[in-house]
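Consider the two complexes below, in which chain A is the common component and chain B and chain C are the respective partners.
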Partner chain A sequence: MLTAGEVSYDTQIPNNVGLSGDRRVLKALERWHPGYIDWWKNLGPEGFQDRMVYLRTAVSVDPKGWARFDYVKMPEYRWGILLAPQVEGRTIPFGEHYGEPAWQEVPGEYRAMLRRLIVIQGDTEPASVEQQRHLGATAPSLYDLRNLFQVNVEEGRHLWAMVYLLHKYFGADGREEADGLLQRRSGSAEAPRMLGAFNEATPDWLSFFMFTYFTDRDGKMQLESLAQSGFDPLSRTCRFMLTEEAHHMFVGETGVGRTIQRTCEAMREAGIEDPSDIEAVRALGVIDLPTIQKKLNLHFSLSLDLFGAEVSTNAANAFNAGIKGRYQETKIDDDHRLLDATYPVSQLVDGRIETTEMPALSAINMRLRDDYIRDAAGGVRRWNAMIAKTGVAFEMTLPHEAFNRRIGVFAEAQVTPGGEVISPEAWDAQRNSWLPDGSDGAFIQSLMKAESEPGKYAGWIAPPKIGIDNKPGDFEYVKLHEA
Partner chain B sequence: MTVPVKQHLIDPEICIRCHSCEEACPVDAITHDDNNVVVDFEACNFCMACIAPCPTGSIDNWRVVTEPYSLEEQFSWMELPPQETISTGVAGDSIEALEDEVERLLAEAHAGAGGHARAPESAAKPTVNLYSRDNPAVATVQGSYRLTSEESDSEVRHIILDLGRTVFPVLEGQSVGVLAPGTTDKGQPHGPRLYSVSSPRDGERPSTNNLSLTVKREDGGVCSNYLCDLKKGDQVKLTGPFGSTFLMPDDPGARIVMICTGTGSAPFRAFTMRRQRAVGAGDGGLTLFFGARSPEALPYFGPLKKVPEEMLTKHLVFSRLPDQPRRYVQDRMREQTAALAQVLTDPKAYIYVCGLKAMEDGVDEAFRSIAGETGLDWSALKAELRDSGRYHVETY
Partner chain C sequence: MTVIDFQTEPSRYRHWRIEVDGEVAQLIMDVDEDGGLFDGYQLKLNSYDLGVDIELADAVQRLRFEHPAVRAVVLRSGKERVFCAGANIRMLAGAAHAHKVNFCKFTNETRNTMEAAGADSGQHYICAVQGACAGGGYELALACDHIILADDGSSSVALPEVPLLAVLPGTGGLTRVTDKRKVRRDRADVFCAMEEGVKGQRAREWRLVDELVSNAAFEESVLARAKEVARKSSRPTAVEGIALTPLQRSFDGPDSVVYSTLSVAIDRVGGIATIEIHGPGEAAPDSVETLQAQGAAAWVLRCARELDDALLHLRLNELDVGVVVFRTSGDPSLVAAHEKLLLENDAHWLAREILLYWRRVLKRIDLTSRSLVALIEPGSCFVGMLAEIAFACDRSYMAEGSFEGDNRPPATLTLTPVNFDRFPMSNDLSRLETRFLGEPDSLEAARAQVGQTLPAEQAADLGLVTFAFDDIDWDDEVRIFLEERASFSPDALTGMEANLRFAGPETMETRIFGRLTAWQNWIFQRPNAVGEEGALRRYGTGLRGTYDKRRV
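Showing the complex of A and B:
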C-alpha cells in the first residue's frame, strides 16, 4: 500500500516531507539555500541564467505530476525535496538485518558509513553541473541546449535531495558536510570533487553525451543500489531521483546516436565507403567513427573506475549492514545475505587476466560493475543497429574492462581494448589509436559552433526523432531573445 | 470476423530501456528482456500512468490490430511494425478511432477516467472511422449562431452542418474531425481537430441528416477561427465519427449525471435532446452541473432555461458574478453530497464529465469527499464505475 506524497508549497522549498512542521530542518535548509543559489549563479550554466527555458518540473511524485513542462528561468526553478511514497511495512531487503522493518531513523552503529555514502553521492551532483557549465556557448541546437539545462537543474535537485538527508538526520556533522558540497570544485587543485571522473573537463558536446551515457549511468547504478537501502528515507529519495536520471541516460544515448547517425548519413551522401578514411570524413564536417570509438573508450574506462576496487571490505560492510544493496536487489533470487555465495572476479595473475571465485560479499562492487557493463552494452547494440541501417561497415565496441584503468586490480597493467596485457612501451606506441589525443580534441572543438535558430541543428549531429514533450521540430526550447 | 482492438506498444528504436514506465505501471503490464521493453496486451488497461514518466516519447505508440502482438514478438523487434490496413466499421469499445493521431487525442481526452473506459452496456454500437483524411465527408454549413452574448469576451458558436445525402451515422457523445484548409508554416496540412457533436443521432430536428458543433473561438486557433468564420453555404471536410466509450445508455431507466464547463456542454445537449425525443419525462432522470463565468458566457443558456425541470435537474454555477463569491461546479457538487452519494451507489446511474482539463482535479476531489462521506474509497469506486461503463471523462 502506498501513501500519497502531496507536495506542499507553503515554504520556499517545495517538498513532500512536511518541512513546514519541522522547524529545525526548515531553518537549516533556509540557511543553506542562499549559498546554493550563489553557487548556481557562479558555477551553474554560464550565460542563459536570465533566459526562459522549457523545462520539466516535478510537482508531485506520482506519474502524473512529475513531468510538468513550462518555461522558467533557471535560477527560479523550483528545486524541491521529493521522496518517493513510503511503502508501508517495507522491510530491509538484504544483509544481516534482512527482513527486519526498514529504518526510519539512522541506526547509531551505521551513522558514519551512511553519512559517507550520502556525501559521496551528493558530491557528484554539483560536480557535473560545474563540469558542463561552458557548454551552453556551443550547443548544436536549442533542443540540445534545453536538454543540457534540464540535466543541470535536475543534478541541482539531486544535490538538494542529499543535503536534505544530511540536515535532517546527521545534525551538526550533516550541516558541515552540506556546506562542504558547495565548497569543493570540480577540477580544483585545492579542493577537488571527491571522485576522479568528476574532476575531468567536459570540453565539448560529444564529451557531454559520452559523460551522460557512461558516467551518469554509473550514477544510475549507484542510485539503484542505494534505493535498496534499509535506511528508508535514503531509499525513497533515490527511488525518485532515478525517475529523473532516466532523462540523463536519454540525453546521452540519443546524443551519441545522433552524432553517429549524422556521420553515417554524410558518408553515404559523399559516397565514402571506408570509415577509417578519417581525413575524408572529417572534411565533411562530421566526427569520424574511429574518433567516436576513442571517446567511447575513454569515457567507459573512466566510468569503470567509479565502481572502486573489485574486492572491497567497505562495500561488503555496507551490504552486510543493510545500507547499500545490489542492483535490483529485490529481483534477485537468492538468500540476500551472501553468507556462503561466491562471485567470479577478474584478477591479474602473472601478467594474465584470470577469473577467480571470491566471496560474493566482498565482490559487491565487481557485481555492480558487471551489471553496469551489461546495461551500457545495450545502447552500443542500438548504435550499431543504426549504423548497419545506413549501410556503413563499422561497429562500435565496449573496450575490455581492464583497458585504461586507474583504480582496482588493473591499475598497474597496460591492457589493449581487446583485453591483451602489453608492455608499457607497446602501450605508449599505440595509446593514440585507442584514446583521443590533442588533435582529435582540437578537431571536435572546431565543429562546436552554437546553432540558435529553432529547428536547426549543427552539421555534425542529426535532429532527434521526436521533440521533448511531443513538441514540433521548430519549437523554441530556449528563448534567447526575450527574458 | 474478429473485432479489431487497440494495442499499446513501445517504439524500440527510440526507447532507451530506462524502465521508468515499468516502475510507473500500477498493474505490472510492462516487462522487458535484454532486447526490449514491452507492454502486455492482456494486462494493460490504458491508464496512461506510464506516459509522462517516459523521457523519450517512445511509450506513446498505438496500433489497431486484429491479432495483438505477443510479448515474444515484441521482444524480437528492432523497430515497430507499420499499422496494418484494417477496414472501417462497427467497433468494440476498445477502439475509439482507427487513426493514430485521433486515437491519441481521444486517449488523452479520456485519461481523466484513470483507465480505459467502457461504454455503458445498453449503449448503441458506434461506427468509427467511416471517413478519413484521405476520404473525408463533405458537409455544408446550414447555419452559424453566436451562443454567448455580444458583450461577453468569449465567443461560442452553434454551427449546423448539413450532410446532404452522405451517410454519417453519429451517436451522442461521439466526435468528428474537422480538416481546416491550408497548411502549417512547415507546409504540412493541418491535422484534424476533434469536436464533440452537440446534436442527437437523428439530427437537429428529427430525421434531418445534419449535425451540430459547439465551437469556442480561440486566439490564434487555426480550426476554431476557421469554423467560427464559416458562412452559410460554405463546405467543410469531416472525418470520423470517432469515440466508442463516451456514449449514453439507451436504457430509459438509466439515471444520467452530466458535469461540464463551457463547450464541454456539447455532448450533454445531445444527450438531453436524445432523452427528450426517445423517452420524455418519466425516465431515470437527468442532472446537469454546468459551470461558466457568467450567464452571458454560458452556451445554450436560453434554450437550457426552457427545458422543464422535471426532465432535467439544472445546476448552473457562475464564477464571475459581480459582488458574488466565485463558485465552481465542484462547490455545487459538494452541496449536493446527499444526492450524489446516492448516485455513486446506484447501479443504474451514469456519470459524465466534459470540459477543460483544469476542471478534472476539482471534480475528482469533490467526488472523493462525497464518496468519503459515506465511507467509500473514491479511487476504488472510480475504477469500479469505469469498468462497468458508468464513469466517463472527456477533457481537453
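Showing the complex of A and C:
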C-alpha cells in the first residue's frame, strides 16, 4: 500500500494510485501506451526527440519538492499518474449533493456528463503539443527551447492524467474515448480538436507566450473548477495538475514580459520616444509594442471564447450535479447551491451592452470568465510596471470582453477593444489596428531565428532574470550536439 | 401495507366456484360483498377487485392443469338478476394510481389467458349472461369465445364507463368490441356512450353477443351449447390432471423471497430486485409419464409458477423497485434436457400445457413495467426458455470468459427451437423475430446456431446480447448501468421501454396493452376522472362529475 505522496516506479508508468495492484487499469493503460508514444513521436516536438533536455519530472505529490530535474530524451520521459493526496472526509462542496461524502466512484447518473467534461479537458492537452510542434526550430534560446519542451511533456502528462480517469472509471466507453484523444488532430479538417482555440496555429514564439499566458490560463481556470468536483479522483487529479500548470503560466508571463522588456530597452538605447513609430522600432529587430498589444487582443479574445456561452444549461447542470464548481468554491461565502442567487451577465440589448441579473446557476460560465479576466489582469499590470520602469510611455490593456468574439452573446456584434459597438463596416476599416494582420505576422516571423548557443538570446527577447533550477546563465538546457 | 398474495386455491375462494361435470365446467362468480381485498368498499352486484381477479386467474389456471378433460367452461353468475357490474368503483376511486394500473394489467392478462385457453388448448369459455352485465362484467364476457344473453327484456350488456365514470372500459373492452367482435365503429360509439347498455335483439344484431336465449330455456341451451363446443374441441379426452400444490415460498425478511427454483433479492437503496433462477439440480424426467407423476413438482413447471408469482409480487407489492435483474445459475445441459422432454412430447397434454404456461409467463415479463436486464454470468444456464428471458429484457450483459478467482464455467448462451416458434410475444412474433425485425439475416444466423453453446463473443456477434464485457469491465459497467437507470424518471422509462419492446405488427393484445392501457392510465391521472369533482370520485354521491371542457 502506498502512502500519500509516495510514487511507485515498479510499473512502466510511475504513479501514486497503486497501479501495480490494479490489473484492470494497468492492462488498459499499457495497451494505450504504445499509441501514445507513436503520437508523441509523430506529432510531438519536431526535430528534438533524441536530444537530452533538462526537464523536471514529477516524482512526488508533496508540495515541497515534488519534482526532480535531470537530462532526459523526451520519448523516454516518465509520464506518470499522480493524484493529490486524498483529503480525509472530503464532502461535495456545491450543488444539490452539497455536504454529502465526495464520490470515490463515478455516480452512474452523472457518468455521461463527467466523461464529456474529462474528454474535453483531455482533448486540449495533446492539442497544444500539436500546435507547438514546429516551434523548436526557431527557439530564441536553449532556455526557451527547454521551457517549450517542459510545457509539452507536462501537457502530455496531463493527457495521461485524463486518460487514467477514463480507463479507471469509464470502462469500455472510457477506453474508446482515450483512443479518440490520440486520433483527433489540431487543425485537422477530418478530425479536429474539440475546441476552436486548439485548432489555431501557433506560428511563432510570441504566439506561444501569449498562448501559455492566456489560453493555458483558461486551462488553469477549468482545472480549478474541476478540482472542486464532488468526484474525488477528478478533484485530486486536477489539484495536482495545477501544480504543473503554474509553470506554463510563468513561461507565458515571463516570455511576453521579456519580449516587451527587450523592445523597451532597444527603444531607449536608440532614443525612440514614440511607441507608435512602428517602422523605427521594427528596424531595431524587436517587436513594437502596438503589435504586441494586437497579439494580446487576439489571444485574450480567443481564450474568452473557451468559456462557452455566458448562460449555459450544461454548466448549470454540471454545477448542480456537483461535478464542476466555481473558482475557489470553498472560499466563497454563500450557500453553494445557487437555487435563488443571481449573477450579473453582460448582454447585447438593442445594440448596447448591458448587464442583467440572471440566475446564478445558469451563469456559471460567466462567473468563471470574470474570475479569469481578473486573474489575467495581474500579469498585464506587471508588464505595465516594467514598461513604466524603462520610461517608455505605453500601457498594455486587456480588450473589452465583447471584442472579437465568436461564441456567446457577442458573437454577432462588432465591438472595439474599448467596448463600443460599431458597424460591420467600421469594424472592417479598423480591424487591422486591433488585431494582427498578415504583415504583422510576417514581420514577427522574420525575427524567428534559432539561437542555439548556451547563454545567448535572440535579439528580440531579453534573457530571464534567473535560470531554471537556479542554473547559471550559460547552462546547456538542451544538448543539441550529443545524444 | 399488507402484502398482496397471488396464491390461493379453490377451498379458499370467497368469490368463485368451480363445478366440473365431465367435459363441461361451470365457473360461477358469486362475489362475497364483504370479501374485498382492502377496507372501504363493498363488492356489491358481483363487482370485483384484485382479490376477486386473483381467484379467477387461479381458477383459469387450475382448469388447465387440474381438469385437462374439461373442454368447455361456462362462465356465469351465482347471483340473481345480475351477471357482473364490473370493477368496483369505490375501490377504483380510492386506489392509488399505481394500484389501478397494475390491477388493470393483471385483469387484462387474465382475460387473455381465458382466450388463450380456447385458442391454444381447446378449453373454450362460454359466457352465460343473465341480468346486468356492465363494464368490466361485459369485458369478462368479451374475453369468452361465445356469449349467450338471456332474452328477457332486462338482461343487457353495457360499457358505461365513459358516460358514467369518465374513464374507459380498460380491460380490453373497447378493443374487443371492435377488434374481436368487429362491431361497426359507429355502433360501437353509440354503445360505449350509453349508460344503460343494449339488450335483446339489438345486442345480437350488433354482434355484442352471439346468441339470445329465453330464460325458460336458458339452462338447457347453455348446456347444449357447451356440449357442442366441447365436442368440437381437439383437447384429449380421458386424461387425469395434476394438482397445483402450494408453492414452496418463504419470505425471508422484507428484502428476500425464496422459492424452490429461484430467489428474489431486493436492494432497497438501488431500487433493484434480482431474480436468480436456479437450473434443475436433477436429471430430466425419463418419460412424459414420469413428468405427469412428478406433476407440480417437476422443475420446469415449478419454475414457471414461481417466476410468475415472483413477477406479480414485485409488480403489486414492490413499487419502488425500478429495475429487475435476471440471473441464472446451474447446468445448461440439464435445462436443455428438461426442456427437450417437453418438446419431444408436445402432443401430451401436460408437456403442452407447461410450454403454453411458459409462453404466458414470458409475456408477463414483457409486460412488466420495470427496467429489465439479464446478467449472463459465469455459471449461468441461459438455455432455451431461460435464454428467452434474456430476450425479453431491455438489455442483456454477458460476461466474457473466465473471471479471476471464479472457478465457475464461463458464461454461455444456448438457443433451442423454443426461441423461434414456441413463445410468441403479444405482437405474435417471437422475441428474436422482433429483435431482428430489421435484419432477417441475423434471425437466420441465430437459427443456424440452435443447440450450440455460444460464448460471449459469439453471442455478441450474433446480436443476441447487448454487451459483452470481460471481468476487467464487468462490475463497473453493470454498476454504472444500474445507477444510471435509477437516476431516470420511472415514468419516462416505463413509456420508453413499453414502446421499444413491441416493435412489429399490432395485434389485439398489443392494442390493449399499448393503446387502450396507455390512454386509460392517462385518464386515470386526470382531474375529470379522479379529481375531487371528477366523475370517479363523485360516483354514488348523486352529483355528476364536473369536467374541464378543454380537449387536450
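The criterion applied here is as follows: the second predicted complex is superposed on the first by the 478 of 483 C-alpha atoms of A that agree within 3 Å, B and C clash if a C-alpha of one lies under 4 Å from a C-alpha of the other, contacts with A are read in each partner's own complex, and residues count from 1 in each chain.
We take it that a contact is a pair of C-beta atoms (placed from the backbone, for glycine too) under 8 Å apart; a residue touches a chain by one contact, two chains touch by 3 or more.
Nothing here was measured: the structure is a model prediction, and the numbers come from that model.
*Asks:* Should the superposition on chain A be reported as showing a clash between chain B and chain C, or a fit?
*Replies:* Aligned through their shared chain, the two binders fit side by side on chain A.
*Asks:* By the touch definition at the top of the document, which applies to A:Ala385: first (chain B), second (chain C), both, or neither?
*Replies:* It touches chain B, and chain C stays clear.
*Asks:* Please work out whether A:Ala426 is in contact with chain B alone, chain C alone, both, or neither, and reply first, second, both or neither.
*Replies:* neither
*Asks:* Once chain A of both complexes is superposed, is A:Ala341 in touch with chain B (first), chain C (second), both, or neither?
*Replies:* neither
*Asks:* For the three-chain arrangement built by superposition, which of chain B and chain C touches the greater number of chain A residues?
*Replies:* With both complexes superposed on chain A, more residues of chain A are touched by B.
*Asks:* First (chain B), second (chain C), both or neither: which does A:Lys27 touch?
*Replies:* The second partner, chain C, only.
*Asks:* Return first, second, both or neither, reflecting whether A:Glu253 touches chain B, chain C, both chains, or no partner chain.
*Replies:* First partner only, chain B.
*Asks:* Of the partners chain B and chain C, which touch A:Ala393 in the superposed model: first, second, both, neither?
*Replies:* Touch partners of A:Ala393: none, neither chain B nor chain C.
*Asks:* Please indicate which partner A:Ala270 is in contact with in the superposed arrangement: first for chain B, second for chain C, both, or neither.
*Replies:* Touch status of A:Ala270: no partner.
*Asks:* What is the minimum C-alpha distance, in Å, between chain B and chain C after the two complexes are superposed on chain A?
*Replies:* After superposing on chain A, chain B and chain C come no closer than 34 Å at C-alpha.
*Asks:* Jot down the residues of chain A that show up as touching in both complexes, chain B in one and chain C in the other.
*Replies:* none
*Asks:* Can you list the residues on chain A that touch chain C in the complex?
*Replies:* Residues of chain A touching chain C: 23-24, 27-28, 105-112, 169, 171-172.
*Asks:* So in the complex, the part of chain A that touches chain B is made up of which residues?
*Replies:* Per the stated touch rule, the residues are 62-64, 66-67, 242-243, 245-247, 249-250, 253-254, 374-375, 378-379, 382, 385, 465-467, 470, 472-474.
*Asks:* Using the touch definition up top, name the residues of chain B that touch chain A in the complex.
*Replies:* These residues of chain B touch chain A: 13-14, 16-20, 23-24, 34, 49-53, 55-57, 60, 78, 185-186.
*Asks:* Show which residues of chain C lie in contact with chain A when the two form their complex.
*Replies:* It comes out as residues 404, 467, 469, 471-473, 476-477, 479-488.
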